[in-house]
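Below, each structure is written out as structure tokens.
What follows is a pair of complexes built around chain A, which joins chain B in one and chain C in the other.
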Partner chain A sequence: MVNLPSTPADILPFIIAVVTSHTFITLVFFPGFIHLVIVVMFLTWYERKLLARIQLRIGPLYAGGPGGILQPIADGVKLIFKEVMIPYKADKPLFLGVPLALVFLGALPFAVIPFGQHWVIANLDVGLVFIFAVTSLFPSMILIFAWASNSKYPFLGGLRSLFQQVAYEIPMWISALSVVMLAGSLNLVQIVNAQQKIWFIVPAFLSFIVFFIATMAELERLPFDLPEAEPELVAGWFTESSGAIYMVIFLALYMKLYLMSSLVTILFLGGWWGPAFLPQPVWFILKALVVATFIIIPRGVYPRLRVDLLIKIGWTRLLIIALANVFITVVLLSTGVLAAWGL
Partner chain B sequence: MDLIPPDATFVVLTTITLLGAIMALQAKELIYGAISLAVSFIGIAGFFVSLDAPYLAMLQIAVYVGAVVVLILFTIMLVRREEADKDESGETGESAAGLWIAGLLAVSIAGVAALAGPNLPTNPPTADLPITQLGSVLARSYPVPLIILALLLSGALLGALVLAKVDR
Partner chain C sequence: MPFESGQVPQGEARKRIVMQYYPYLLMFVVFDVVGMFLFAWGISFRSIAPSDSLLVLLFLFLLGAPLGYALKMALHRENW
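So, the complex of A and B:
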């Protein structure tokens, strides 16, 4: 803690002390605000470029930098200067407020994500539950936004989104449960520390598969992007959003993509652990970007699922596999097979 | 029984919770009612945080705001507006039932406060209890309340099944 200034001469040292304090740096630069914005902007460019290469196109090119990497800035400027259209008889406070709440909810979980042994804003004992609690607020926000748009297509998309996210949250929690049992903790730092000798993708491989599929469903990524199925629902639950509102929703969605990739990295891919020639946060971000790549690639490869298949896979396959893996984890732990790795 | 003077956190959280609850009942648009209910639940989660129970607070948000409010939203969205508006028959003993429930709740809370209030430990053990031991403490120290809760939940589940059963 820094003492408050008492005389005018103390103000400058006070500002320097605040700016160089660990709390300020973690909150504003890394892993806080600025890092988040840069990675999210990079992800939007990366997705466009990757999909373009999958489809033998070139993608963004002319906005500047190598491969048009400054494209997100151009996009942002364009979207800010566009008119914000509010549909006739839409619920104005909710229509404008919910996107901001979505961005807030997308950024909030990064407070507990550890990017390195000491690179974490708040080392909560219940970090994992915190993330699940915050992400469980997304579906209702989406439905409220869809309702506030006062239009058919957003409403249908919102209902689909709610069905899907509620159905896939359950296998997701249960597959994370076996990781919690292996690590013996809900603290994300301790979960990563428990993977120093072996990544949890090895003892909990089934969980990893279930968690990854559920992640794609939570993110409404292909093949699970029914809520924004463009042939039938125009653009799903954010059809009516335009200009800055669209940009804010876009930002929230990519924050969630980065959040979920980070979560997969923490739970299954050993977090920041890697050969020591790179610093810990670099390893973490690299792993998260690799996970994000595997979440993005199916968008250029797979067709969309049918609604009934989607719900069926969630409730009758993923849930059962996740429960089976909890049982397998209990057996592995109680027979001491994993004792060699200190689990 | 000594009354502790309320501090600022308590006042703010109580205001949020109570205002949310009142708004939930008074809202003209049902969806605003659901949102106010969510705000009220978040206020209760704040109480848990201020009582050094962050795990409970997170579960409060995940279960009540994340799941119960979603269920309520589903119901609001899937019920046809006209039918809901037409149903104005609120005078079929509903207010009497409400008064009965409120009275029973007040009496039981007063009873619990009068019986257990003076005997409450001044320094509850939950403050520095690690969550890894929460399960064993619950199952070892409070087995009977746990079993009663389990029975209550099974009863609620059975009741829901009976209510949801469609006569064919």
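So, the complex of A and C:
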């Protein structure tokens, strides 16, 4: 805690004390803003390169300076200076405000994501529920944006986004329930601490599969990218966005990609635990990037599912498998099989 | 227009669109609440008596039959 300055001579020490405080560093530098922007820019570059290698695209493979590093920067500059077109009769405050709300919602959950034993901004006791609560606001925001843009394709895409939430959300929760039962806590730091001896992917493997598939549906990635199906809906719910609005929406989407891969890492892949020759946050980011890779790869490989098939898979397969894993967890915990690993 | 080959769009954009998959939406409303209660149970699984956990499992088994029926009805196209 830093005292407020009383005399002019105290102002400089006050500023130094604020800037070097743990709260400020975690907020602005490491788990906070700057780290987030760097990783998001890296992810855009990484996805471009990965898909170019999968699909043998010449352009993205060779364009943009050494290794294509300049391409995201060029994209950003181009999009900032492009004209923002607002459709006729569109709801202007909502059309301009919802993308900002999306970025806010994408960045907010990182306040409770622990990147290391002490690298967390807010050690919230209900962190997991907080993340689910914030991410479940996304489809509603998308529908509001789609409605505000006064165009048919965005509106259809926004409705599909809501349908998709009906399909994936319950299996996601139920599969996270097994992890909560194993760890005995909703606090993300305690969930990771419980995995020091064994990662939860081992006792809750079925849950991991369900959670991963639900994550891909939540991120609207192929094969579940129905809200932005290009052949049917032009570009889905962000068809009418252009220029800076488009860039802001993409920032939010990649933040969400990083967020969900971090969540998979925390719940199933042991968070920051790893051999001690690397610092904890490095292990965490490496694992999250590996998960992000497996989320990106299907985009270059698989075709798209139909809406009714997605919703049918969500309820008749994923939910049943997730519930089955809850019963398996009950059996494992009550027979004490996992006692050797401190669970 | 940047899409539709330059054709001018016709009609209202904010039309009424039929909410399909009605049984799934109903099931979502039910299981959303059940999911919340299950989290409350999952947190305290170690600290409560096994007989209480058995009650929750019984409740889940009882939910199984309606869930199966709802899934069966949801596969019928005429109910969408």
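Following the convention adopted for this analysis, the second predicted complex is superposed on the first by the 334 of 343 C-alpha atoms of A that agree within 3 Å, B and C clash if a C-alpha of one lies under 4 Å from a C-alpha of the other, contacts with A are read in each partner's own complex, and residues count from 1 in each chain.
Throughout what follows, a residue touches a chain if its C-beta (ideal position, glycine included) is under 8 Å from a C-beta of that chain, and two chains touch if they have at least 3 such contacts.
Note that the structure is a prediction, hence the values are computed from the model and not measured.
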Going by the contact rule set out at the top, does A:T44 touch chain B (first), chain C (second), both, or neither?
neither
Let me test your reading of the model: by the given contact rule, A:L124 touches which partner, first (chain B), second (chain C), both or neither?
first
By residue count, is chain A touched more by chain B or by chain C?
C
In the overlaid three-chain picture, which partner chain does A:P139 touch, first (chain B) or second (chain C), both, or neither?
first
Who does A:Q280 touch here: chain B (first), chain C (second), both, or neither?
neither
Taking the superposition as given, does A:L159 touch the first partner, chain B, the second, chain C, both, or neither?
both
Show me the chain A residues, by the header's touch rule, that chain B contacts in one structure and chain C contacts in the other.
129, 147, 155, 159, 166, 169, 184-186
Residue ranges of chain C in contact with chain A within the complex
3-4, 9, 13-15, 17, 20-21, 24-25, 27-28, 31-32, 35, 38-39, 42-43, 45-46, 50, 53, 57, 60, 71, 74-75
How about chain A: which of its residues touch chain C in the complex?
129, 147, 150-153, 155-156, 159, 163, 166-167, 169-170, 173-174, 177-178, 180-181, 184-186, 234, 239, 307-308, 311-312, 315-316, 319, 323, 326-327, 330, 333-334
Flag every residue of chain B that touches chain A in the complex, lowest number first.
29, 31, 35, 38, 54-55, 58-59, 61-62, 65-67, 69-70, 73-74, 77, 130-132
In their complex, what parts of chain A are in touch with chain B?
91, 94, 124-126, 129-130, 132-134, 136-137, 139-140, 143-144, 147, 155, 159, 162, 166, 169, 184-186
